[in-house]
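Chain IDs A, B, C and D follow the sequence of writing; residue 1 opens each chain.
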Amino acid sequence: MICPNRWWAGLLLLAIGCSPPTVTSPDPAGSSADPGPDSVAADAAIPGGLVGSAWPVRMSDDALRGPFESHSGWAALLMQRDYPAALGAFGGDAPLAVGQARIHTELAAAYRQALRVGANATVQVYGENRRDEDPAAVDCLLLVSYVLLGVDDPSADRLQACQRSELEGLGPHAAAWDAWRGSGAWPPSDALAVTAGQPGPPTAGAMPDAGPLPHWRAVDLVEGLEVQLASPAGLLGLALFHEQAARAVYPQGEAAISAMLAPWLLPGEPAPAVSDELEVPLEFLFGSAMLVPADLSFMVDVTRGSGAAAVDTWKDRSAFASTIAPCVDVAGGAVDVPCVIENAGRAFDQLRTAMEIRSGGEQGYHRPFAELGRVGTIRAAEAVAEAMGDEQAMGLLRLNALDLSIGTSAEPHYLLSIAAWDAGNRNSSRASDALHAQVGHIPGVEVARFPLDALHVRLSRESAPGVPMH
Amino acid sequence: MPRQVAILFTVISLGVLLVFAFHAPDRWTVMAEAEPYASPLVLPPFGADGRGRPLTDYAMQGAHIVSLPAVVAGLLVTFLGVVGGLVRCMGSARVESVVAGLREVVGALPRMVVILVVAILMPLEWRSLMALAIVWALLAAPGAMDEAASVAGRLGGARFVEALRAHGFSRVRIYLYHVVALNLRPVVVRQGAETLMQVVFLEVALSFLALAAGEPSFTHNEATTKSWADLLYQGYQSIAMDVPSAHALVLGLLLVAVTAVAAVSISSAARAR
Amino acid sequence: MRRWWAQPLVRAVVALALPFAVPAIITLLIWALPGSPVSIICPGCDGAEGLAQRWNLDQGMVHFYTNWMGGALHGEFGNSWRVVQGVPIAELLGPAIPVTVTLILLAMVPLFLASALAGLGWIPRQLDPLFQAIGLVPAMVPALVVYAVIALRFGANMADGPESLTAKLLWGAIILGITDGALSGAIVGTRSLFDNERKQQYVVVAQLRGEGVLSNTLPNVAGALVGQMRGRMLHLLSGAVIVEAVLRIDGLGDYLWRATLMQDFGLVLAAATGFALVSGAILMLQALIEVAVAWHQRRAPVIPAPGVV
Amino acid sequence: MGRSRHLLVAAGISAAVLSTGAALTYYEGALPTTLNPLYAAKMVDYRAQELVFDRLWYHSPINNELESRLVQSWELTEGGKGIKLELASGIKWHDGKPFTADDVCFTVKAMLDSGTPSPIAEGYRDILAGCTPESRSTAIVHFTRIVHNPRERLGFSVLPEHAFDGNTAISPDLEFSARPTGTGPMKGSRGTRGVTFQSFANGHHSPQVGQMQLQESGDPLLAIKALINNSVQGIIEVAPNFRADVSASDELALKSYDLRSWWFVAINSKKAPLDDRRVRQALNFMLDRTELREKSIGVKPGERNSPCEFISGPFVPSSPYYNRSVPAVERSDQGQAEALLKEAGMEKVGGRWQFKGQPVSFRMGMEKSLDNEAPDILSYISNQFEAAGIGSQVYKIPPDNWTTEAITGHLTDYDLLVGKWSFGQVEDVNELFYTRSRGKGTRNIFNYSEQEVDRLLAQYDVAKTDTAARDAYHKLHRKLAEDLPYLFLWKLDTKSAWRTEVKGNTIAPYYYFTQFDSWRYEG
């Protein structure tokens, strides 16, 4: 309760019952007064042993944080999520291989999500909302999109319909992807060979774009106006380029790179094995939404392994698993959203308290670092809800995570994954905002813009009349 | 208060207001010159506002808004007071009853109500303090005329004039010197000074209300001009919400005090010997 | 004024005419405004002719005024156009008039006390500068401080809700009564009135006869005293507009202020007429008291003042 | 605390009031003009009405599914020109009366009735043809033509027939506008100081917030302090310069509110010298948007994820209608501005531009409430013009005058007007630039009229394909960026702030309270 504490104000308002101001900001929840680096608070979300090993707490040690803080690459990555600047800085005079690998891996994940945005938008606009004006060429893109999304195509003769389009290179492109469907071969080199905009051989520090766009220019069947088309598959080449560049520049991090990529893989991709003793360098964790190496393994297990059952498996080793465990009813197949948000808040407080104790006082970076822990926890619960098929909880958790993903927590690949989910839900406004935010920073994501723009125009022209408001 | 002191105070206070009014920048300087809420020590003479802009501009522009309308309203009331007094000296009963009737009608309604109704009818671009100041003066005039008339009455009204005529003074000299200069002066000057102060308070009140209601002001164009009400408004925030703008409140109250001192000292300077 | 009843009669006539004159003048001025009132009621509505006809705006000023006054006489003021669109104005102003009258009466308490003490000479002249200094504080600064503290301390809905009305009226009355020169005016005005009267010859004679000073002076100053009190009440009514608007008290003054801002002519007309009614009532009260005083004086013996031919 | 509580009682605030459950109170920038959905004039109206009424169909804020709480099942009839609605049962109006098919048809008829002068109803008149109630729970809505996704077109709020005793000519000043009867989760009543909402459990709603209060936040600083002080629990629109305070507090949460808004300076192209396009283009080059943005909104150049991005046309940059080949003028270019003014016949005398011997000076206005989001922007703009040699008098326009005069094209004695427009899913700008005539161009601020623009807008209206519509708006963007009825400034995101005691507060794009049943307040 803030009350004016100036003497004359107090005097003036004595009769209104203004007592001297009490401390307004309550002590961080769960913190006990007695020191002890990792003392277990009463309502701990993260087990005491794990808190100390979380990267935000480890990074409260000035000696450990020093080299990161002084390197412009980490500042560009963490403060601005600016990949080109960070990649340039890591490739500078004393190249930091692990840093480069980290950026390339995140780019590999981001391009995959951009691909899903394009594929979902193509399915929604030309699949769910087909209009007479749409040229035959869209059937080819629909085919490729269904293949990339691992979704069965409702129409059996999609390929024949596609062949009717005489656009140069489009038929073979669709046929190649149709051939690859179900073959299980990865990477789909033959299909990629007939996909436009393929980058050259992977080289560390390079950020190629998606080549000339649009891939094809068709004509609409009613007014005869130009329709610009682009195949989402164009982004797979870029994703693989960065994945291979990461593996090439940091060969020892093979397992870590695979684990980091696992939650973002496309349906057709083989999943990496879930390893108990995963070696993850601090450079991969620093500034990410994963607190401890076991969190990576937990996320791999949830998204590509045993699904919701992973919560019990990793409850004692992964910070996320232990935090969300009380809120997940594996048998009932439901996630308690308020409980997750409450526990994520407790984990946030726990991390800040531990960081404060470790660095001997409140520091500016404590809040943003702990915020990443909170966002990561909610995103983990979201993945568990998705694995269990609890759509409502997954949606609510995504909205909460989206609200927190601002400033230093705005990880591009996560934001693009939300855009992909929105595109699939025909929420073209939010999807185009999220995609637009990355255009100009991640070269080539404009490929996904062609189908998304078409979806947005179609939806906005066919909704209830609206007037500009002020 | 002795006359010389009163005259000195008058000169100082009016001088301060007119100097401020004269130097007021006609465009609102949005250039920050110091830290937000810098104290007068950091940015003399009056410190800065929430965006680092000097409070002197507030004081000067506020003075600029009020100076002319307040003086015009004061002179108008003084003039009408003199007319009221002279009318009593002419001894014409009909005119007196008209003034009395006018006083009843005009005095019937609270002034702020009349001001607000006039304000509502002014189109957006005519909004200025001058129109409202003149209306306020016309509302105050009957009171001044009545008081001047009672003074003239105590003198003896028309009989006083006849008596002096018998001494061979010209009619003009009697009215101007004897009636007005010597006898009516204290009353009408005090009424005029009070109206001058009230018009300043009216401007501060209306601007403050507009600020509290989040509406543009009736008295000035606050896109380019700040008023003393802005000072008081920032000052209130220092009391109610721990904003470090107490120096704005002090300056605001100081300026209000200077206006009051001006009014009081004018009245006592013009007091009968 | 030759005959004693002339002045009270003028006051009574004005008191009765006010509630009719004020709306007439405002209607006249509304029509002088550019643009049609209908566009203010329903901006951007095409085909609003029906509305103009509904609110009697389509047949000129006199038609509008006669209809408005006809409705007003039996409490039908139409609906508010902008401030609370759709709510009958009578429903808004019904509770507003007692709120404003309460505020004024509460504010009169410190003034009555001060005037009585000053009249009895118990307030020394040296304190005058202090009261004048207090009077200089513009009413809205303490008013906004009180509002902000209530809002910050008890919650915004409390600050604007009915629960805090009593507290706001109490504080509003204190602020209204003390600031803006109300208190200092009351003290100085009453004291000078009684001081002048005490200098009169008959008071000296009365004292020689062992009678009380007050019992003699009071009847004679009663008329002037009531005039001063009425002036004070009008001054408070004027200040009430500001205090109500700042403290967000739903009284006549605040409705007039908000209706002015939002050009809600129906409400402006009604609120201004409300003020005219209150002012008229005070004026009528003064006329009656003057008649009573004059009637009392006529029955008391008249001692001719020396030196008046 | 004992002493002060005793004093509180003395101060007239009864202790009993303090102990009852407090209402969930939130601040809006202004009070709603009306609670009648047919006369929503501002965004605050839409948000308040969403609590009181149900729209026939709405998009779920979570997965954007098209859902309805009023319609149980539907099927197309009359070959696609009609839709038969089977209504849900067990739904009551706030006055207890049952919700029936007559109410749906009454609403459609009211919108089609010429006695209802509502701009919103105007929008529905070229889609809806009528409605016939087949039974108490079945109604058939008729369209004027076969439309794709017919349910998307039925996004209007349903009104109760019995509240108007069947009279379909609904005027804005009925008591219904202040005390409506709806089927929404909350029963609303507009008081003098704010709007009070009372929960109303219904067949299709189970609100968890018992009482809610909408207040008007006068001073933005008092609003933020009240929020931090828990005197109020939410603020709908937090100005950019206060967002850092909210993010830094443990008790507050900054929530995104999906509203597509862009800012502009409208130019009175009917008044010389502004009727000359070159003069308008010169003004466009005189403005330094980067400096304007940095000073008034506090966004540094090159800042990533900034809430404020420059535009060169009447769309947000992420929209497909935005013509990305038309660059925004981010920095001022005085040289080009001077060349254009000279070309337009002006000459610079003593640092001041003159037109036909007269010094050029413009009269500029801005809606006052924008001062909260971008403090002093009007002064910065006028200073930039001043530095370039163009004089200006600036005025702040009361929010109410903006609604009644600026938008309706009555402020013609102004030269420039700074404002902002907000859009939902529909980004139709025809109403802004179409030549003002009956039913068209209802928001054309300076009655701008240009043949080519009208042609493109008509092309958009009658476009049979998306590509045609998009091409029309791309050409419109380029044409407007050239002809400049507006100086297009930027798009600015909207953020809300709520206390952490408010839980489950999912915010729906544009309508805000669509998912209000999940909101909880543990105050």
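Here is the rule we go by: a contact is a pair of C-beta atoms (placed from the backbone, for glycine too) under 8 Å apart; a residue touches a chain by one contact, two chains touch by 3 or more.
No experiment lies behind these values; they were computed from the predicted model shown.
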Of all other chains, the one whose Cα centre sits farthest from chain B: A
B-D or B-C, whichever has more C-beta pairs in contact: B-C
Gap in Å, rounded to a whole number, between the CA centres of chain D and chain B: 44
Geometric centre distance via CA averages, chain C-chain B, whole Å: 22
Centre-of-Cα separation between chain D and chain A, whole angstrom: 31
Centroid distance [mean C-alpha coordinates] between chain D and chain C, Å: 41
Multi-chain contact sites of chain D, meaning residues that touch two or more partners: 11, 41, 119, 222, 225, 229, 398, 401, 403, 407, 442-443
Contacts with 2+ other chains: residues of chain C: 145, 148-149, 152-153, 167, 261, 263
Touching two or more other chains - residue numbers and ranges from chain A: 1-2, 4, 9, 12, 16, 18
Touch list for chain B against partner chain C, complex: 93, 97, 100-101, 104-105, 107-113, 116-117, 119-121, 123, 201, 204-205, 208-209, 212-213, 215, 232-233, 235-237, 239-241, 249, 252-253, 256-257, 260, 264
Chain C to chain D touching residues, read off their complex: 35, 39-48, 50-51, 54, 79-88, 92, 148, 151-161, 163-164, 166-167, 169-170, 248, 250, 255, 261-263
Touch list for chain D against partner chain C, complex: 11-14, 17-18, 22-23, 25, 27, 33-34, 36, 39, 41, 114-115, 117-119, 122, 169, 171-179, 190-194, 213, 215, 217, 222, 225-226, 229-232, 398, 400-401, 403-405, 407-408, 410, 438-439, 442-443
Residue ranges of chain B in contact with chain D within the complex: 27-28, 30, 51, 124-125, 212-216, 221-224, 237, 240-241, 243
Complex interface listing, chain D residues touching chain A: 1, 3-8, 10-11, 40-43, 46, 59, 61-65, 119-120, 123-124, 127, 147-149, 152-156, 225, 228-229, 247-251, 253-256, 258, 260, 304-305, 316-321, 367, 402-403, 407, 419-429, 431-432, 442-443, 463-471, 500, 503-504, 506, 509, 518
